[in-house]
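Structure below; questions to follow.
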C-alpha cells in the first residue's frame, strides 16, 4: 500500500528574544547578537506539519486536513499566535526560544494527537525568516 | 559517483470535487465539507517532479530537463490542465481526486518514462493550495 | 491629514469556464482556447482589496481589518469559494466569468459596505494564475 | 524625458502591540483583539521604498541603489530591526504602532534624504503579514 | 464603461554588466560596484506588462492574453532570453543596461503593437532581483 | 538527543553558459539549446545550505547562523556573486557549469568548514530558476 506524506501550513506572529538570565548583557549580546535586545523583537513564523500514512480507500485521505488543522491550532497555534514565546507559552517554560527548540517542542505537542488521527507525525518545519528555517523528524 | 536530485516544476489548473456517488449528499458534505459542492470547484495545482541519478560526465546533466518536461507534459499535464479531473482524465477513472491519489497516479504515469531517460523517479510533490501539499516516493 | 491605502488579501478556489452558449463549440474553442473546456476547469484565486482613508487618531487604523475581512467574506468569498462561478454565484448571473468581469463584480459587491466602514474602496486586484492578474479602480 | 520609478525592498523583524495606556485592558482587547496582548507579539515586516526621477544619461540610474539602501538603513532599519517598536524607536514616540502610522513615520524619515540624492520619494509600502499591507504616498 | 488593467508576467534569464567603455576600470568599479565585473554577471528577470481598456461585451476580455503574450515574446523576450543584453540585443545598442533603461526600451518595443490589439500600454514593471524593481508608465 | 536540521538561504547573481569547447557550435546548440549562447546568459541563483546536529544545551542552537553565513560567503558566495561561473570561479575550473555540478562543487567547498563548526553538512539545494532546482546530499 502506498505511503503518502501530507503537509499543512499554519502561521503565527510572536515576540521573543534570545538571552540567558544567568549571563551578563554583554555575554548575551556577544552570543545572540541583535536577537538579545532586552525589549524583545518578533517574527511571522511559518509552520509546516507533515504526517504520513496510507490514503484511505474510503476517502482518498491520509488524514482529514481540517481535523489536522484543528489539532495544530489547539496544541500549538493558539498558544503562540500574538504571544510572547518566552513569557506566555506554557510548553516553552525553561527552554530558550531558538527555532530549533521551538520545532522540538511543537513535535512533542503534536506527536500523540496526530497518532490519534490514525497517521504518524513525520516532520515539523518552522521558518523564522525568509533566510532561515529548521526541520525536526523526531529523534 | 555523486547522486544528485533534480526537480522540475510544472503547473496546471483543473476542476474537481470530492464526493462519492454511493453516498448521500449529506454524508458527502459531512465528510468532504465544501469540497463536495456538486457543481465542482478548482485549483491551480503546482507539481514538482524529482528524479535522481549521476550527472553525466559528458554534459553535467542528470537528465535533459527539456526531455523531462516533455514527458511530464505528455504523460500528465496535457491530461489534467484546464480539465475536470473527475470527468476528463483517463488515468483517474475510478479513483477519488484527493491530492494524495493524484500524486500516486502521477507517479504511475511517470515512473517508466523517467527510467527510459536513464534516471530514477524520486518524488512527486503536488501542491493544491498554499496551505497544503502532498509528497509521494513510490512505496 | 495623511491618506493611507490599506490592503487585505483573501483567497478562494473555484471552477469556471469561458464559453458562450450562443456560440458553437468550435467558435468557443477558437476564441477562448482551453478555457472553453465544457467540463470546467478551476483556479486558486487571490484577491486584494485596497481601501483608503485617514488613519484614526484614536486607533491609528484606516479601517478595522477584521471588519473589512468580515465584509469581504460576507459579500464575496462565501459566494465564490469552492463554487462554480458560472452556476452558483448570483451576482455573476448573465456575465462571462473573465477575470476582468469578476473584478468589476467584486467592486460592485464591496463599494457600499466599505463606505459604511468610513473609508473608500480604492482597488480590486484579482490574480487568476501566477502569470496574470487584473486591477479595477471603479470607473 | 522619461520618469521611472525604482523600488528597493528591505526587511526587519520587530515586536509591538496595539493598546492605549489610557484605555482599560477590556477596551483594548475589544478594539485591537489579539494585537493587544500585553506581553507583545511581533512580525517580519517587508518594506518597499519607491523613488522616482529621470535616469541619468551618465549611468542609466534614477538613483544609486546602494546609496538608497544606505539611507533606508540609516534612517529606518537600524532603528526598528530586532527592536520593540513601542519602546525602542525614537520616531514612534507618542504614536500607536499601527502599520498605517509606521508607513507615515517612515515617509517622514526618508523624504528629505531621498531628495538629497536627486530624486523624489514616491511610495512607502509596508507589509505586516502575507495578508495585509499599507501604502503611503505622502499626502 | 469600466476601465480595467490586466497584467501578464513573462520571465527571461540574461547576462549583462554595467560599465562604460570610455571610463577606466577603476571609475567603473567605483560607480557600478560588483555590477562592473568585466566578465559579466546575470539575472532571472521578471517582467509584468500591464495594459488597460474596457472589457469586451462579447468576450469579457480587455485583451486576448495569448495575443498579448505572443507580442511580448516577439518584441521583447526572444531578443533577451538566454542572451547577453549588452552584446546580443539590437534595441539596447548604445544604451547602458540598467533596469531603468531596459524598462524604457521595453515600453518602446511594446507601445505600438499593444495599441494594435485595441488597448493601451499602461506599465512596464521589471524585477532584477527580489530586492529591486522598476516601473515605467511611458512619460 | 534530538537531531535538528537548520537551513540558511543565500543568493547570488552570475553569468554562465553550457557549451563544450571540443564540440561544434551545432552540437552544443543541439545538446544545450539556448543555454549554449556564446555570449553567455545568467541567473539569480538561490542557495539553501542545510546542516544537522544537536541543539546546544547552552544556546539552543545547532549552529550559530551568522558563523554559518560567514563560511558560506567566504567559501562560496564571494567567488560566484556577480561573476562569470565559467571564467571567474577557481573551484569550477574544468567542470561544466550545470546546476548539478555547481551543487557538488559547493558541497566540496563547505563540507570541511561546516564540520569545524561542530555540525554536519546535510544538503546543498540550488535553484536556478523558479522551475528547476537540484539537491545534493554528499554521496
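When the chains are written out, they are named A, B, C, D, E and F in that same order, and each has its own residue count from 1.
Everything that follows uses one rule, which is that contacts are C-beta pairs under 8 Å (C-beta built on N, C-alpha and C of every residue); 3 or more make two chains touch, one makes a residue touch a chain.
Remember, predicted model here, so these are calculated numbers, not experimental data.
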Intersection of the contact lists for chain B and chain E: C, F
Chain D and chain A - chains in contact with each: none
Angle of rotation relating chain D to chain E [CA atoms, steps of 5 degrees]: 120
Most remote chain, CA-based centroid, reference being chain D: B
From chain E, the most remote chain by mean C-alpha position: A
Distance from chain C to chain A - Cα centre to Cα centre, in angstrom: 34
Mean-CA-position distance for chain C and chain B (Å): 29
Chain C and chain F, separation of their C-alpha mean positions in angstrom: 42
Sequence positions of chain B contacting 2 or more other chains: 130
Touching chain combinations (by label order): A-B, A-D, A-F, B-C, B-F, C-D, C-E, D-E, E-F
Residue numbers on chain A that touch chain B, as the complex places them: 2-10, 50, 55, 59-62, 65-66
In the complex with chain D, residue positions of chain A that touch it: 11, 13-16, 34-35, 37, 39-44, 81-84, 87-88, 129-130
Contacting residues of chain F [partner chain B, same complex]: 18, 31-33, 95-101, 103-104, 130-139
